[in-house]
Every structure is written in C-alpha cells, then in structure tokens.
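You will see chain A twice below: alongside chain B first, and alongside chain C after that.
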Partner chain A sequence: MSPLVLVVLLSSLGLGTAMTFASSHWLLAWMGLEINTLAILPLMAQQNHPRAMEATTKYFLIQATAAAMILFASTTNAWASGQWDITYPSHPVTATITMAALAMKIGLAPTHFWLPEVLQGVSLTTGLILSTWQKLAPFALILQVANYTPPYMLTALALCSTLVGGWGGLNQTQLRKILAYSSIAHLGWMILVAQMAPQLTLIALITYIVMTTAAFLTLNNMDATKTATLASSWTKSPTLTAMACLVLLSLGGLPPLTGFLPKWLILQEVTNQGFIPTATVMALSALLSLYFYLRLTYAMSLTLFPHTFNSVTPWRMTAKRPTLLLSTTIIMTTCLLPLTPSALTLLI
Partner chain B sequence: MVYFAFMLLVGLVLGLVGVACNPAPYFAAFGLVVAAGMGCAVLAVSGAPFLALVLFLIYLGGMLVVFAYSSALAADPFPEGWTEVTVFEQLAFYLLGVVAAGLYFGKHWYTLFVGMVDSCSKFFTIRADMGGVVAMYGSGGFMLVFCAWVLLLTLFVVLELVRGLSRGPLRAV
Partner chain C sequence: MTPVQFSFTTAFILGLMGLTFHRTHLLSALLCLEGMMLALFVALSLWTLQTEVTNFSAAPMLLLAFSACEASVGLALLVATNRTHGPNQLQALNILQC
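Moving on to the complex of A and B:
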C-alpha cells in the first residue's frame, strides 16, 4: 500500500474516533463511526488472500448493519422527542436499540460471532487496531447511553459475554481466535459496570487496551498465529517467551499483574451494589478464560509438542521490528497493579 | 387520497416481501424497484415531495441502476423466480405474517399510519421537507464539510479495494 494512501486512511481512522468523541449530535456520531469502518477496510484487505477478503466483507456487513441500527434508533428518537442529543435518549426503546447496535459493533456476546472470524482473517497488527482503536468510538457512545438502557440488558450482555468468551476460547488452537474470545470476555466485564460506575469501565478499557496491545505485539514479534508455534518460541527469544507468559496471565487476571486491577475493582463495586450472584458468576467465568491463557502459557513454557524437532536455535540478530511499544506495554501489563490508587484518583 | 395512500402502502409491503423472500438477484432488484418507487410515492403523498424526489433520483436513478447492472452481469442460467418452491414458501410465510399482524392490530391498525406532514395548511409557506433541508444547510454549516469528506473517503476506499489488475477483491476468492 502506498504511503500516501496509508496516511489518508490512518488519519481518517483518527478523525472518525475524534468525531464520535467530540459530537453531541447523533448524526455526527454516526458519521464518525462510519468513517472508522470505512477507513479500516483497505487496511484489512491489504493481504490479497481469500481469508482477508472474507474478513473484510464480514466486518463491513456487520458494522454497516450496526451503524444503520444506530441511525434508525437516533432517527426514531428525533421523531419522538424532536432532538438529536446523544446524552438524552428519551425513550427506552430507542436506548435499547442503540445499545444493541453498539454491542454488535464492539462484539458483545449475543452478537459476537463475527469477531473471531474477522480477527482470524487479518494480520496481527491490523487485529491490534481492530481490537483496540476501533473499540474506542463505540465505547464513548456506550458510556453516554448506558444510563438510559435497562439495567437487566447490560447485566445480561455482560454475563453472556464473559461466559461465551470463556467457553468459546476453550478448544481453540488459533491464537487470533483466542485473543478474540478474550476480547469478548473483557468487554463483558466492562459493560457490567457501565451503568453502576462508568469510571471503572474506563479503567477496564484502558488496562485491556494496554494488555491486549502487549499480547498482539508479542505474538507479532514471534510470528505466531498457532499454539504449536508458541512451543518453539523459546528458541527465538527466551526473554520474550518468559514475559509472554506473564502477559497472558495478566490478561487472565492473576493478582500481582495489571489484569487483576479492573476485575478486583469491578467485583468490589458489583458486590457493594448488592449483586452477589452476578459477581459470583462473573468471577467464575473468569476461570474459564484463565484456563485457555494457562494452556497457552503451558505450551510456551513447559512443553514441546511431540513432533520432530528439525530446527536449531537461530542466531540472534538485532531485532528488525521496532520493539519500543512492545517493551513499554509489557512493562505496563505486568507492573501496573501497585498504581491502582493513582488510577482511581485519576479517573474517579 | 387516503385510499390512494393505502394502495401505495400495500405496494410498498408487497415490494419488500418480494425482496425478503430471497429470489434470484434479477427479481430481487425488481422487488427493490417496486419498494423504492412505492416508498417515494408514500413520501410524496404524506407531504414531502422534495424528499420523495431526492430519494427517487438518487436511490432509483443512481444506486439501483448500478445494482441491476451488476446483478445482470452475474449470469444465472436458471434464476429462481417467486414461483420456485423455496422462494414461494417464504413469500407465503411473509404474506401470512402481514395478514396476521393486520388481524392482530384489528381495526386499530390505521392509527399506526403516520399522518400527513402537511405544513402548508396554515400560515406556513415552507413545506416540512424543504424546511428540513434549509435547517440542515443553515445550522449544519461547517459539519457538512465532514460529510463531504466521508463521501470522498468512501470513493477512495472503494478505489483502493478494487485497485489494479491483480488486486481486485473477488480475484482473491
């Protein structure tokens, strides 16, 4: 792809998200979402093979449907109440349709099926953009309309997402699909507290973005898209392999790592509000997710799969890929937990 | 006039059913033409002739012609019409659904009909749809530049997706 085209597309990606962030009018927010969708399409179709094309088509269809639903809901809202303000969806039907559309856009559980398929078809770096940057604009809208949506809907979406995210990832061997299911599970945690404590949603979103960036970049550095590739990753870069285990466990939410931070705070908030069964189910569903992260860790650090080992340890050259972002995000993924009070002070 | 609007609405529903029951793209395009034409007529009857004209020109004149052209290119020796069993099943299902909905709402169904947007009646000299256009250009203002950018970006993305001889999107598949 020529650099000029890339510049236009990437700056449009930025423009779309910025527009959705800045707008108080539904039409402009919708326009920002559409810019986001359109600008990512050529990036997804960069590799000219059937999988990428299929993924691009699926992504386009899903996002276009969701955007049309948002437009429908906001038009209905304007029809019923005569105003286009995002923060005031006067009718519950409108708020519900909007939330359903936004859930479809980010891939929450009953409408999550496109996410693993799409991520599986694109490269790891494009997948990184899809699962981090592309979630920002819909989340800006979710945080604004969450107050008006029925609380049962949010809880149902959250429980569904964490359970499906955990169960779906169980028998996957493809790393991008596992990351997609991990994304679904994390989004479930975020959406659970979107109404009770939006600040916690923000904290969870930020930590998820940091952690998943680390995971995607690690896998990209290893050129790994399958679990079997992970088993021989120690020959290339032992340090990165050791850190990758910690990154995955952080995604799973184990205590001394950053991933524990959002789960801890969210569980505390949900318990304080008196939703004990919900908190229990959420905590247990985190175990499902933890299982597949643990399995990846196991494949990476403890075993070699019983196949013929016909490669020698490669000579370690200077890394060709830039690793600044990788090392920064890995440090943040593993060491941010002691900064919890600061995060709380900043965001709450 | 109400009877006329009623006939147009029936035509609209029939056109939509014709598309929704999954015939071959040739016939589905025809269903879309019917639905779009009837929709424009409903708009015009409801008091928004300018909107109807814009919709008719852009949707039928621009988009649907291209769609009909590309579906005609996808040569299908045995296109499935509405009389094929699989299509007819769905056709019957949807029509029965419409009738059932009509029976369920009983005699109150027509209260659901959107009333006429007839703002010419009193002291207003601007019709509702023209007023809407004026409001969009007036208070929309600078944001329409972004709107134009979205359209340009769409063109750009389409060109990028189908560029070159070897990089056509369907050539990979």
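Moving on to the complex of A and C:
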C-alpha cells in the first residue's frame, strides 16, 4: 500500500473516532462511526487473500448493520421526543436498541461471533487496531447511553461476555482467536460497571488497551500466530519470551501486575453495591480466562516441542524491528499496579 | 405511533429481518442493508418536514451520501469475495471458523 493512501486511511481513522468523541448530536456520532468503519476496511483487505477478504466482508456487514441500528434508534427517539442530543434522556426501548447495537459493534457476548473470525483473518498489526482503537468510539457512546439502559441488560451482557470469553478460548490453538476471546472477556468486565461507576470502565478500558497492545506487539515481534510457534520463541529473543509470559499473566489479572488493577476495583465496586452473586460469577469466570493464558505461558516457557531448530542462536543477531512501543507497553503492562492510588485520585 | 412512523419502522425492521434470516447471497444482504438505509432516509426527511427544523434539512443528504459510500464498499467486497471464494454464496465464507 502506498504511503499516501496509508496516511489518508490512518488520518480518517483518527477523524472518525475524534468526531464521535466530540459530537453531542446522534447523526454526527453515527457519521464518525461510519468513517471509522470505511477507513479500516482497506487496511484489512490490503493482502489479497481469501481469509482477509472474508474477514473484511464479515466486519463490514456487522458494522454497517450495527451503525444503521444506532441511527434507527436515535431517529425513533427523535420522532418521539424531538431531541437529537446524545446526553438527552432517551426512552428505555431506544436506549436498549442503541446498547444492543453498540454491543454488536464492539463484540459483546450474545453478538460476539464475528470477532474471533475477523481477527483470525487479518494481520497482527491490523488486529491491534481492530481490538484497541476501534473500541474507543463505541465506548464513548456506551458511557453516555449507559445511564438510560436497563441495569439488568448491562449485567446480563457482562456475565455472558466473561463466561463466553472464558469458555471460547479454552479449545483454541490460534493466538489471534485466543486474543479475541480475551478481548470479549475484558469487555464484559468493562460493561459491568458502565452504569455504577463509569470511571472504573474508563480505567479498565485504558489498562485493557495497554495490555492488548503489549500482547499484539509481542506476538508481532515473534511472528507468532500459533501456539506451536511460541514454543520456539526462546531461540529468537529469550528476554521477550520471559516478558511475554508476564504480559499474558497480566491480561489474566494476576496480582502483582497491571491487569489486577481493574479487576480489583470493579469487584470492590460491585460488592459494595451489594451484587454478591454477580461478583462471584465474574471472579470465577476470570479463572476460565486465566486457564488459557496459563496454557500459553506453559507452552512458551516449560515445553520443548519436537521441532527441528535450524539454529538456536538467532538471538545474537540484532533485531531490525522498532521496539520502542513494545518495550513501553510491556513496562506499563507489568508495573502499573502501584499507581492505583494515583489512578483513583485522577479519575474518580 | 403515527402512520408515518409505523411505515418507516416496519420498512427498517423488514430490512433487518431480511439481512438476519435470509442468508443465501451476499448481494441480497447488501440489498437489505440498502433498504434499511433508505427507510432511515425517509424517516429523517419526514422528520425535517414535520418539525420544520430547517437546520436539519441537509441531514438526509448526508445520510444518503454515507449510504452510497457503504453500498459501493459493499459492491467492491462482493467483487473481491467473488474472486477469492467463487460464487457469491454466503455459505462459502467459512474458512475462518475452527
């Protein structure tokens, strides 16, 4: 892809998200979402490969339908109340339709089926954009609509997402599918507190983006898309292999790492509000996710697959890939837990 | 619910139902999407006419422009999947599941 086209596409991506962030009118928010979708499609389809084409088609159908549903809900709301403001209290029915469409856009559980397949079809870099940057614009809308949606719907979405994210990842050997299911589970945690404490949703979103960026960049650096490739990653970069284990455990939410921060705060908030069974199910479903992260860690650090290694010392060569973002996000993924008080002071 | 509101709501929901349940050809899915967007176009234009908000009169055209972009992207993807997957049956899009 020529640099000029790439620049246009990437700046359109930024423009779409910025429009949705800045708009208070439903039509402009919808236009931002549409620009976002239209700009990512050529990036996904740039390799002329059946898998990439299929992923692009599926992504397009889902996103276009969801965007049309959002606009339909807001139009109905405007017919009923004459208001186009996003922050204006909307009718519960239209708020429910909007929330369902937004859930479909980010891939929450009853409507999650497209996410693993689409991520499987695109390259790791595009997958990184899909699972981080593309979630921002819908989340800006979710945080504003969540106040008017029925609370049971949010809880049902959250429980369904964490359970499905945990169960779905168990049987996978493809790393991109595992990351997609991990994304579904994390989104479930975020949506749980979208009404009770939107600040916690924001903290969870930020940490999720940092951790997922680290995971995708690590896999990109190792050229790994299968679990079997991870087993030989120690020959390329032993340090990165060790850190990748920590990144995966941080995604799983183990205590000394950053991933524990959002889970801890969300569980505390949910318990304080008195939803003990919900909190219990969420905490237990985190174990399901932890199982497949641990399995990846195991494949990376403790097993030696019966491969023939052509050489065991490629790590002596200097790596040519830029690793600034990789090292920054890995440090943030592993060491941010002590900053919890600052995060609480800044955001709550 | 006024008759106008009822008619565009029904049109939209019919389009959505077609997209959801009639999964044979990619082209019919794209046509259903277009139908949904046209229902929205009618809804927006009639809202403008009914409430006489002149500020809003450009909105239906913006919607139409975006839906035209979407339709062209959809047709481009139709051609692309036709070249990679053979005939444009939606059932053929199954190489990513496992």
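Rule of thumb we're sticking to: the second predicted complex is superposed on the first by the 339 of 348 C-alpha atoms of A that agree within 3 Å, B and C clash if a C-alpha of one lies under 4 Å from a C-alpha of the other, contacts with A are read in each partner's own complex, and residues count from 1 in each chain.
Everything that follows uses one rule, which is that contacts are C-beta pairs under 8 Å (C-beta built on N, C-alpha and C of every residue); 3 or more make two chains touch, one makes a residue touch a chain.
What you see is a predicted model, and the numbers here were worked out from it, not measured in a lab.
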Between chain C and chain B, which one touches more residues of chain A when both complexes sit on the common chain A? C
With the two complexes superposed on chain A, say which partner A:39 touches: chain B (first), chain C (second), both, or neither. first
With the two complexes superposed on chain A, say which partner A:49 touches: chain B (first), chain C (second), both, or neither. both
What is the contact status of A:31 with respect to chain B (first) and chain C (second): first, second, both, or neither? both
Is A:69 touching the first partner chain B, the second partner chain C, both, or neither of them? second
Thinking of the overlay built on chain A, is A:8 touched by chain B (first), by chain C (second), by both, or by neither? first
Output check: A:19 vs chain B and chain C. Expected answer is one of first, second, both, neither. What do you get? first
Name the contact category of A:61: first (chain B only), second (chain C only), both, or neither. second
Check: chain A residues flagged as touching chain B and also chain C 31, 34, 38, 41, 45, 48-50, 53-54, 56
Taking the touch rule as given, give the residues of chain C at its contact with chain A in the complex, in rising order. 5, 9, 12, 16, 19, 26, 29, 33, 36-37, 39-40, 43-44, 47, 51, 59, 62-63, 66, 69-70, 73-74, 77, 80-81, 83-85, 93, 95-98
Inside the complex, what are the residues of chain B that reach chain A? 143, 146-147, 149-150, 153-154, 156-157, 160-161, 166-167, 169-173
Would you tell me which residues of chain A are touching chain B in their complex? 1, 5, 8-9, 12, 15, 19, 28, 31, 34-35, 38-39, 41-42, 45, 48-50, 52-54, 56
Considering only the defined contacts, which chain A positions touch chain C in the complex? 27, 31, 34, 38, 41, 45, 48-51, 53-58, 60-61, 64-65, 68-69, 71-72, 75-76, 78-79, 82, 117-118, 120-121, 174, 177
